[in-house]
Amino acid sequence: MKLVIIGGGSSYTPEIIEGLIKRYPSFPLTAIVLVDIEEGYKKMSIVGELAKRMIEKAALPIELTWTTNRREALEGATFVSTQLRVGGLKAREKDERIPLSHGMIGQETNGAGGIFKAFRTIPVLMGIAQDVAEICPDAWMINFTNPAGIVTEALLKYSPHKKVIGVCNIPFNMQQSIAEVLAVEPSAVRIEFVGLNHFVYGKKVLVHGVDKTKEVLDRLMAQAVNYSPANIVNLGWTETLLKSLQLLPNPYHQYYYKQEAMLQKDLLSYEQNGTRSEVVQEVEQKLFELYKQPTLDEKPKELENRGGAYYSDVACSLMTALYNDSHEIMTVNTLNQGAIADLPLDSVVEINCLITKRGPMPLTTGALPPQIKGDILKMKAFEEQVIKASISGDYHDAFLAFLLNPLVGDEDRAKVVLDELLVAHEAHLPQFNK
Amino acid sequence: MKLVIIGGGSSYTPEIIEGLIKRYPSFPLTAIVLVDIEEGYKKMSIVGELAKRMIEKAALPIELTWTTNRREALEGATFVSTQLRVGGLKAREKDERIPLSHGMIGQETNGAGGIFKAFRTIPVLMGIAQDVAEICPDAWMINFTNPAGIVTEALLKYSPHKKVIGVCNIPFNMQQSIAEVLAVEPSAVRIEFVGLNHFVYGKKVLVHGVDKTKEVLDRLMAQAVNYSPANIVNLGWTETLLKSLQLLPNPYHQYYYKQEAMLQKDLLSYEQNGTRSEVVQEVEQKLFELYKQPTLDEKPKELENRGGAYYSDVACSLMTALYNDSHEIMTVNTLNQGAIADLPLDSVVEINCLITKRGPMPLTTGALPPQIKGDILKMKAFEEQVIKASISGDYHDAFLAFLLNPLVGDEDRAKVVLDELLVAHEAHLPQFNK
Amino acid sequence: MKLVIIGGGSSYTPEIIEGLIKRYPSFPLTAIVLVDIEEGYKKMSIVGELAKRMIEKAALPIELTWTTNRREALEGATFVSTQLRVGGLKAREKDERIPLSHGMIGQETNGAGGIFKAFRTIPVLMGIAQDVAEICPDAWMINFTNPAGIVTEALLKYSPHKKVIGVCNIPFNMQQSIAEVLAVEPSAVRIEFVGLNHFVYGKKVLVHGVDKTKEVLDRLMAQAVNYSPANIVNLGWTETLLKSLQLLPNPYHQYYYKQEAMLQKDLLSYEQNGTRSEVVQEVEQKLFELYKQPTLDEKPKELENRGGAYYSDVACSLMTALYNDSHEIMTVNTLNQGAIADLPLDSVVEINCLITKRGPMPLTTGALPPQIKGDILKMKAFEEQVIKASISGDYHDAFLAFLLNPLVGDEDRAKVVLDELLVAHEAHLPQFNK
Amino acid sequence: MKLVIIGGGSSYTPEIIEGLIKRYPSFPLTAIVLVDIEEGYKKMSIVGELAKRMIEKAALPIELTWTTNRREALEGATFVSTQLRVGGLKAREKDERIPLSHGMIGQETNGAGGIFKAFRTIPVLMGIAQDVAEICPDAWMINFTNPAGIVTEALLKYSPHKKVIGVCNIPFNMQQSIAEVLAVEPSAVRIEFVGLNHFVYGKKVLVHGVDKTKEVLDRLMAQAVNYSPANIVNLGWTETLLKSLQLLPNPYHQYYYKQEAMLQKDLLSYEQNGTRSEVVQEVEQKLFELYKQPTLDEKPKELENRGGAYYSDVACSLMTALYNDSHEIMTVNTLNQGAIADLPLDSVVEINCLITKRGPMPLTTGALPPQIKGDILKMKAFEEQVIKASISGDYHDAFLAFLLNPLVGDEDRAKVVLDELLVAHEAHLPQFNK
């Protein structure tokens, strides 16, 4: 059983290795191959050496190697995970800085920045999916690359490979935080999620099958629970909003419901510390310094400040569940198939699924609650347009994607920011430069 | 924890008692009340005494009583099961005999007979559901009364009680038989069911998560597996049909795909042995003779000939799963909610569900396979019309229900049989005699 | 402006010529080309000479020619009409005789016969549509070839030519007959049609915008109106059926609602006169004798016995309306586009449309009435399967089409008749003999 | 034939009277009754006297009266038009001023102002519809009261009267302006409209049935056509937007696509001239001075500056078409019924309809173009929430309506403006003060 980690030079890799070691008894991998591009080889070697030390310490018969030859790596793969960043943190910096400098939310997975991340990422992932379909067609592709929902929909609709699942740590974080505040085991908490990646809501919170939604909403109103990850500020939720929604918003919803306040916060933080990307670059540098130490043989605690906590945990749990036909319920990005009645069958949604050997089987949620129906339908239409533009490379398709995004809206602003980002990212947007 | 069994005088009751005794550790009932109408009191007393002996033998602290006072019985109930037959086996005899005597399929849950069973049953069940909603609104109502799918839809759409689940033994039987022929544990087999009660198909057969559909279809073609229950003849499935369907039909599908042969069989059997009801009446009489024996303290083996094998097992498993929030997958009749994309959200379908404390959560199945789409949509339209007529008591509504049924079809035949059944069942059809 | 009539050797051609002459002022054709296959050349010449005499008599500057070179004929065409019969009346004879000889309805457009007509026709029409798309892409293709609805859906879904409209004389006949019995002008009558070709219902009859549906249903119950065309017997409609449906059935519905009586009638007629095809062959022979007479310069009255009355009238009216952007309401076979809410957007339905220069624009009819919903959905699923089998030539696809047809049903009967028809029509079913 | 004009004291009434006089030959009214509330009696008398002089001048046998007794007026009515403004222009002033003073678009039918206009209007219109349903159930109710789409949906869904049609002058204006710029007769131009009131798009422009969409878009890009009514500024449309949309936006779309620029314009205009309402109040005052002149016996030219040009023309044309079963195509607000495939059947949409005696019959438009799908679905969800809050009077329902509106968005701003408007309009919002 072989796992190929594409983007293996990522600073997150030690977390995934830790997760795989922990799960070895039920998920007995025989080989792990890290894959990265030429520019990432040095970082990948550092991470690879650390990973080797971790496996050695655990005394497990897993062979770990690294390479820049993706196609070779894919031979015989059972699972392929994708966790890459086209253009690296330098590109993310532009996604954040350029919109902010025009008084617009600048965030790596939402708004203008998220759109450009999709533009850069989708063609690359499409290439990977093509290779997977050809070389190891039975392999499950686990995508954590953001914007994870949009990327997964692009692959499931337009790539030849149909065994693709998108994951995100947000639903998992929410479950963990709520379990903590209610002082129960995380496994006792089930949240009925409905929506799209980074635009998902919790309809109900059940603890041992009993409805505790009201209680959790009360805690949220009282600011007694904070499930924002490290990379998103938590402004807290107002009583008025929560009593109107009667649903659990996710941290990213602050960009939509509290657009003004979030913008001010982000602008302030930008002035003081530069973009989030710059902060992260510094964190990364320190992490790699740590990784290099030949005595280090475990995931360093410092990685938790990186922002994507639990991401790897989610991915490892998912692979283990798939392998064991475990019938656990997990929240993943997969084909809707009727789970959300108002969306097309072939849309990708973030939804509770039964995880089986043959893939995730969504649980139905019925019609969308009226409080969020309009926003989710609009967001899906936006996502479809982003995918269209990512593939076509057409200027007007890209403009329309901007126009449809609720964090962009105004056409004059849209044009200025779009034009600037197209120039800034030219090197990574071959489809727009045909 | 209290279970009320409505139709408690049924000959099946010992099976359900056996099931409850077996499951006591995980389903610790404190009280069971059998309820029946005045005419059934004597039979209920016989069954009640036997049930008491069974519980005594098991040395369990379950209090078992019986009564004809339904409303009193419902007080404090946690579960209510309904397994009644309005008009008894004498009414069933008419449902079978009258259509057969006009050269039409005469069957208790399909065709003309099934329609009249619905006409008699729905108003009675509606009354029970009203009582439940009023007296024990938190109780789950587990309906096994046939036509189970139609009755369940009537209750979920038009009664005030919304915690109703319909069960049938067919999916369970199919799983058991297939496990047997594949020589694996039943729990290792999962069939992806899609459709309506008595019109359900198996899309895939998975054994430990691995697709074995082709293998099972091959066995069916070779007549190497027979999952017909005692009350339905097994004519076997042709290679042509199975290669065209590429799905597992259920035994009742023989009435539709092999209408001619089934009719001939049934006519022959009718000439030789009278109706199935008459056969069953004899079986029942013998069973009650057995039940009366004061030394009998277990379910007698002879009950297995009765035809509804596993019915009670299914119901007991379901109640245990609900009580324990077990997250098992079971095939029940519940609101569609998008599980079958082509049917309305509020249709009742027979579908795989995750069983939770808050009820069954259907797993999505996507769009109906084209092989069966037309038939299932037509059957659902028929079912809706049966419910409409059951409530309205309007002659033309009833005629239309006949006309929409694929086993009736022709309008001339429809009228003759409808008119005769209306007269024959007059006593149990108050809504048609306003 | 040029019209190409494919199947120009048909005995109906004089009717279409008459219609074109009558409409010349608003539909000023400059050229008509009759096209037929080699075997039909002689008949086409006879018809062509007659048509020339008719045009000459009318003193119109329309050039009429005939040819077997279809591609040449299509050059510069504005309209293309298709009215052909693959295999001729001999093939129809088999479609009628073989099912009847097994006690099954044998009809040229419904049931087993209709399925085989589709199997023979669709590949040929697909070839024509390909030529049209290539040679005269702006031309409207007006298809009267039966089964017209199925053929039109096949072309609109799978051929490269998207300007295709299917026509049938049934809605027109119904309007004419009802106008007559109500003693008003046909143009004052509008019937709100809903359904599929040969399975269309009238929801409302409006006379000068006023609802007269009840009145018309009363006349139908009293057998005071008969809108059956010459080729379909009229058994009359029962009060019970009409009071249940509350809609106007079309003559073909007798095959479904009165299957038994129709079968008996058809069997009797078959014994007495042979198939309908044989009757028609005799009529045709006499017609061609008439056509040959060099003094004949108008459509002979005898053509009216042929069965397809008004067909050409409907086609001529439609072409005139398209040409003039007339915004008349006509009942045609076209893409649903939401007109019948329960059917896919890309299904072909028979529906009232506003006829514009850019094609028919359907008027919405909302959800299907519950009385007919199931049957129409099932019929559409059947039609989709017929198209699939027509193209694939796969035996099991064909078997499934048989199984889904309400006039076939039983699988044993299906197989016998299917196998016999496959052998009988071998010469015209290349796709099944790959 | 009797027309009741509710809100008869409106300054627009002379326009509608003019329209009725002009159409008398095909729309022979015998009686017109103006109805208004007590506070409007004086204005109504002035308008009434002028209307009488106009009818006298035309020498038509139409009896015109006025009253404050609505129920009496409705007796025997054939048509009822509603053109009222709950709270008058003073209320409109608040709808405009309060949002603007918080830096938010303040407009009478869009955004916060439009929401409050709906809150005040829907309960009043509901009362009128109840009277109509009771007193003159066969009468057509023609609603021009804004927000016309939302009001019409509220009536069609929740009032007992089902013969309600909403009208707006925007589609008519667009047709007129385009006809002018293309130098053709307005009747030669048909625009295929799709969308919602004040959020409608033109999909195609046809001139004599020929597609001229590209040409019109080019004119719009070149700023060569301006179809904004007097009350909406025209900022012109950019090439980028139009090439992306490939559809004709309506003037109100400027609030959405050019939110920033419109806000700046409106703020500037507010500073310079006060609210639009104040401007209009002045215009109105002058109009009534004119109306009072006993020599005036025609609609004064000055009315054209009032902003709602063509409104009455649209309403008069519609009533004439209904009366004559004219089968004209008009763009009205009516039940969707499948015309826009993505919206519920019972949504009210602004769509091209065939106007018949039995009401408007929508023409299908198929699926929404992807460019606008998300926005239209979101806008409809918003409208549904406005209706819900208008009826419930619940604070959180109202807050949610604000949150769902794209011109409000941010929750902090929403709360401030909502709270202030609730206080300001207290007198006209009984449902919020229970």
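The letters A, B, C and D name the chains in turn, as written, and every chain counts its residues from 1.
Operating definition for what follows: contacts are C-beta pairs under 8 Å (C-beta built on N, C-alpha and C of every residue); 3 or more make two chains touch, one makes a residue touch a chain.
This one's a predicted model, so the numbers in the text were calculated from it and none came from an experiment.
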Just tell me the minimum hop count from chain B to chain D, counting one hop per pair of touching chains. 2
Of C-D and B-C, the pair joined by more C-beta contact pairs is B-C
Find the chain most remote from chain A, comparing centres computed as mean CA coordinates. C
Distance between chain A and chain C based on Cα centroids, please, to the nearest Å. 56
Mean-CA-position distance for chain C and chain B (Å): 45
For chain D, residues that touch 2 or more chains besides their own: none
Sort out for me which residues of chain B touch chain A in the complex. 206, 208-211, 325, 327, 329, 336-341, 345, 354, 356-358, 361-367
As the complex stands, chain A meets chain D at residues 238, 240-241, 243-245, 256-261, 370-371, 373-375, 377-382, 384-385, 388, 396-397, 399-400, 403-404, 406, 409-413, 415
